[in-house]
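Chain lettering (A, B, C and D) follows the sequence in which the chains are written, and residue indices restart at 1 in each chain.
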Amino acid sequence: MREQRSQLTRWRGEVKRLLFTVLTVLIGAGIVAGSVWLLMDRQAAPATLKAKIVGTAATPQGNLPHATLDLSIYPQSSASVPGPDTGVNAVIDKFGWPFYWPSTSLELPAHSLVTITVHQYDGASTVWNPYFAKVHGTVGGTASFNGKTKTEIDPANVAHTFTIHQYPQSTQPYFFVSVPMLAVADNAKNEANGYPKAEVMEFSFITGAPGDYIWNCEDPCGSGYVDFGAVMSERGWMSGTVTVV
Amino acid sequence: MSIDSQTPIDEPEVPTNRPEPTHRMKEWLSRPYVRRILLIFVILNIVIVPIAWLVVHFMELSGGPASSIMVELEKTVFVFTIVSAPLMAITASILIYSLLGWGRVTGEEPPMQESPAIRTNGIAVVAWVSATSLLATFLVIWGLMELATITSYAYGSTPANQQPNATKAIDVNVTGQQWLWTFEYPDQGKIESDVLVVPINTPLYFNVTSKDVVHNFWIVELGVKIDANPGAITNTGVTPDKLGTFNIRCAELCGLHHAYMETKIEVVTQDQFDSWLREQGGKRTI
Amino acid sequence: MSLTAVIHEQPAVPQPRQHGKPGGFLHRANVFTGLIGGIGLAVITYAVGSKLVPWGTQDADFQQVGLNALIFATLSAWVIGFMIGIGAFAGPIRWMLGHDLTHEDAEYMAGKGQGHMKYWKYTTDHKVVGMQYLIMALVLFALGGFFAMLIRTELGVTWKEVFDPNFYNSLIGTHGIVMIIAMIIVVAGPLGNFIMPLMIGARDMAFPRLNALSFWLLFAAVPPLAANLLLGGIRDGWTVYQPLGTQAPIGMLGYQVCIITFAFSTGIAGVNLITTIVTMRARGMTWNRVPIFVIGTLAAAIMGLVWFPMFQYSQILAASDRIIDTSFFIPQGGGSVWLYENLFWLLGHPEVYVIVIPVTGALLELMTVFLRKPLFSYKMAIAGFAGVVGISAVVWVHHMYMTGFAPSAGYPFMLSTELISIPFGFLVLVMLGTIWRGKVWTRLPMMAVYAMIWCKIVGGITGVYLSDVPVDQYMHGSMFVVAHFHFMLMGAGLFGAMGAIVYWFPKMTGRMFDERIGSIGFWTAFFAFQLTFMSMFVAGLQGMPRRVLQFDNAFNISNWVSTIGAYLIGAGMLIFLYAMITSWRHGKPATSNPWGAKTLDWQTQTPVPLENFPILPVVTSDPYGYGVPDPYLKVEEELARDDNETVGAR
Amino acid sequence: MSTPTSPVLYPTTGEPVEVNARRNRLGVWLCIASDATGTVALLIAYSYLWSLNVNDGWAPPKGAWAPAWPFWAIVSGLVLGTITMWWGVKGISKGHISRLIAAALLSTLLVLAAFLGQIIQLSTFPFGPADGAYASATQWLALATALHLAVVLFLTLAIIGRTRAGRIAPDNHSHARFVAMWMTWVCVAAILGALFATVMTDSPNTNSPSFGTFQE
């Protein structure tokens, strides 16, 4: 009789230990899964900005759907344009960070001509690498700066650049577009909306098959060592994603 | 103090008059466990050596080798795997046999039956040390020779010293900036590109630098790798000998978009290269 | 073991004047006052500092003026305030004033009659410090393992970014440095402090107060490191190559303060360990009778002591680059990135041996017990340790083959790096020779020996690839490197450490380790480990660079395998942890010598009394007197007789 | 006075003070070794940047090298203080307690002078930290000396305190000796720093590639 009870208690002990072992693992898994979910939620990219299809256009590659996209670059957020405040590093002081607006995660249609118009309100900061003062990858290798068509601008007069480049996927078409953004003169006076008169850049390029790409500004406009810190190293301000669908 | 001058730990526990070495060798080889371990050793070698082919296969998955340097690298990896296989095999076979052959003991209490008190064994020590030293020496010599070879492949075609092969080297200025590679052909009319387009079988000479932080310029299938340092120019070179498009990656963490700091190298024929130069507005100088 | 007089009860030792209660200020100080002091001083510093430079003042770069200085001062203030609060400065001040410790003071500080509170105080008893180190290591492993799970999640989800790239870069950096610190302390901390003095028959460490200091410095160093994730993270891997580190946000300062503090902790611990081993061995423990684990600890302590200041200064100078705009690593101002890499790797490589050597020593120690065999060729083991310590000083450039800072340096450093594999070979020989013909007592610690030898061989062979400049030209900066050093540090280091901790668990906690559950966890983790990092080798061979969060589809399969394996490792480690905690709380009570070992640490009773040995032991032989005469010697004798007869006949 | 029959015992552990002193001496040597590698790290940094002259950024603007005499003034103050301390140690080993107190007092004053001199030198360098690599390296060498001197200051003061409290006696004066040993090492470190900063000024590398450009 006592035999059986001791048997029973030992058996109970075994089961209990087993359950607690499994429980420990489950708790660990729960912690990891929960924090992954939290972090993804915390670091969500800004709402996607889709290019609008406005018809078809004749291109070197024949008639393609024509899509347009309007972007603006603000020197710093204001009452009229709040600007982004995302990312894990919200504690870092973001006063005076320039940013692309309305969004930095873009979506473009595949196999079509895309025309991007940028209203640029920020001042100049010399670009390290003169390569990025030239226009690359657009139709005809040119862009229109305030209506004037050029292939490059003065490196000392570049405010930012819009540079799309390759995602590390060998299966998707190579895609590279880089256009410098003309700077506003330092003595330009502000208008009603609190910003000076915008410089307008317009350029078109042809997208290939669907794929994921990223873009960022190549003109050091941040802070820290060689001005590539701060805003230049944060998603959602001077860099983002480009999805071709 | 007397207790301090006790017997040293390597006291010889073997009789002073040993049998002749040949006899002892025969006797040793006749021991069953020795034979079994040797058997396992042979089997393991048969299992392990083929890994050498596997390793090289993995290295070639992405389309290489596309240069003589890469060929040398794969050869080195292959040889190293072969020569280190026996080391792994002997270790593994002893471990395996020790779990099966010499008598396992289980239970809660410290085992009563004790193992043979082998303090040391001069023959084993000498054999092991000489074997590992020989292995290391071989690896060093092989490595030094290979290093000399690939260095000559890389720099043998620099404008500095008269290169053996007739074709003049093409200089390429490689600039890393967060997070893009840009290439400049100083002798071809300073044309610039985001993709590295080069003619086949022509020596290339890279001047690599960085605009900001440390990057690492890695042409995977060509076996070229050198850091791009700010404030310094590093040089390397290669002669591509396979047509096709290969990967250029950044192999040194360089910030936000390090993972995306990739581009292509297109190895094309001389004619294609010339026409590419022309449409880039460059001029042919070779 | 003959006996000697009880030294510490000398009659009529003239005592200095007793100042106040025993322990003086330390009577009130504990970790909570430490936290109060640290947080208080940090807050005050921050408030005052931000008054000096009003928040929001921007320089031309829109950078917060003096932000770096402010944060650095705040974090340092935390460290200093904590050390004040815990009472670390009481000793120096008493020494300065000549108020030396009385015997009562010393006994109070050793935790006499304080129950569990002594684990929360500036306690000098080496056993308490060892326990504190053990808990600290477990906490750090939990933290680093958690980061590892996040990293593998990102790499397993190959079709999208799970995390912000910056956060991912901070993750890999924090995971790296947390695990490195944990691996450095996991054996030399708990076992080096708790077990080593017992093994050499000492009453305590040579400098008990430095012992407490080294632990609490480590304790104070961790919060700044953890804080970096809130301050923008360290976005450059654990090596934080400059000038990327100068570009990174203020989280970098957390890393730098942590390393500067931790280097002090390591140096102090090194001084303490070396002095203890050299000067406090029991009577009769001549150098050829010292247990091999003690030698291993000595070797590690020497390397840590000598090389850590290099690392410390690399971080001090990097911090000054950020704070006062010096240009040690800033090329525009004449600084050199190669200088940082050299200073970093001058420690960075010996540090690997600081991790691996004590583990090797511990396993060499315990395998004699589980094989009931003497250590095979003690002298070879010593030579192996000595060789590694010696050569480790001249191999650091093999981390820099591809930096191009001196292309011709590849030749000599390839030589030295290949040479260091020879002393490592000695250690492997000692392990194999000890296993040779031994009857294995298959307990968990012994299984760790098998695990370690396997991982060491794999890591060693892949290390041979990487030590070779031409091969490194392909492997450098690829996933292959990651897999290699995980085999060395985690495979050989961590699994070995798990075995060592299981072996000394009864002595440290007074309870037996639950080996059934423990083995489940151990083997799950071990085989999952093979899965994870073998497939990582494949990814590296295919050309996948390390520290990337998105990569070519070609690497997907091996990364999925790695991620699955990593999750299994996590599960195994949790099971092992559970086994540890339950056995700690209500495991089977342990006898004083459950393994039947011959070293001194098992000769005193369990739990170990305050001054370890009621009477100090005297050593009359080395601790490896296991085993019976070799049966095959009879065979040889017969052979010899035959030979002699043949000789006589002639 | 200790006699062979009854050695002076260390109160905390009850061991003879000689045993304790031998132990502590090893500890001091190890601290010196560790601090030495730190100093070597600084000297490596100095000479490395000196030899590279990256981006032609070694020399301070308009050749404003740091004047040499302050370095040597500071070093001489420190060396004098060390000699005095050794003199006091010799004294107490002969039994003159007052001589050790006097020596410690004197060397405290000398070291204090050196320390203040170091602070003044740091604040009056003809360049700021941001003025190139020479400026950075030199200022850190000076800063390291200042930190060393601060530690020494504490130690010499402590010797006064301990001797007056009777903790340092003719038969138990190892701590005074240790402090003198440490001061000797600090002298070596300071002299090395001064040598580097005053002798290795003009960089041997006259044509260094300037930042981020290709000039062969």
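Simple rule for what comes next: a contact is a pair of C-beta atoms (placed from the backbone, for glycine too) under 8 Å apart; a residue touches a chain by one contact, two chains touch by 3 or more.
Computed from a predicted structure; not experimentally measured.
J.: Using CA atoms only, can you tell me which chain is the most central one in this structure?
T.: Located nearest the centre of all protein C-alpha atoms is chain C.
J.: My parser should flag the chain pair with the most contacts; which pair should that be?
T.: Chain pair with the maximum contact count: B-C.
J.: Between chain B and chain C, tell me the centre distance in angstrom, where each centre is the average of that chain's C-alpha atoms.
T.: Those two chain centres are 29 Å apart.
J.: Taking each chain's centre as the mean of its CA atoms, how far is chain A from chain C in angstrom?
T.: About 41 Å, centre to centre.
J.: Between chain A and chain D, tell me the centre distance in angstrom, where each centre is the average of that chain's C-alpha atoms.
T.: 53
J.: What whole-Å value do you get for the distance between chain C and chain D if each is reduced to the mean of its CA atoms?
T.: From the centre of chain C to the centre of chain D is 31 Å.
J.: Any chance you could list the residues of chain C touching two or more other chains?
T.: 165-166, 235, 243-244, 247, 331-332, 335-336, 338, 548, 550-552, 554
J.: Could you pull out the residues of chain A that touch at least 2 other chains?
T.: Correct list: 128, 167-168, 170, 225-226, 228, 233-235.
J.: Give me the residues of chain B that touch two or more other chains.
T.: Where chain B meets two or more other chains at a single residue, that happens at 175, 184, 211-213, 230-232, 247, 249, 255-257, 259-260.
J.: Which two-chain combinations touch?
T.: So the chains that touch one another pair up as A-B, A-C, B-C, B-D, C-D.
J.: Would you pull the chain B residues touching chain A in the complex into a rising list?
T.: 175, 177-180, 182, 184, 192, 194-195, 211-213, 247, 249, 255-257, 259-260, 262-264
J.: For chain D, which residues count as touching chain B in their complex?
T.: For this pair, the touching residues of chain D are 54-55, 209-214, 216.
J.: Quick one: in the complex, what on chain C touches chain B?
T.: 2, 165-166, 169, 235-237, 241, 243-244, 247, 283-284, 286, 288-289, 331-332, 335-338, 369, 371-374, 376-380, 402-405, 407, 410-411, 414-415, 418-419, 421-422, 425-426, 428-429, 432-433, 435-442, 450, 453-454, 457-458, 461, 464-465, 467-471, 473-474, 476-478, 538, 541-543, 545-552, 554, 594-596, 618-622, 624-633, 635-637, 639-640, 642-644
J.: Which residues of chain B touch chain D in their complex?
T.: Residues 173, 175, 184, 186, 207, 209-211, 230-233.
J.: Inside the complex, what are the residues of chain A that reach chain B?
T.: Touch residues, chain A against chain B: 128-129, 131-132, 134, 136, 163, 165-168, 170, 174, 176, 178, 214, 216, 218, 220, 225-226, 228, 232-235, 239.
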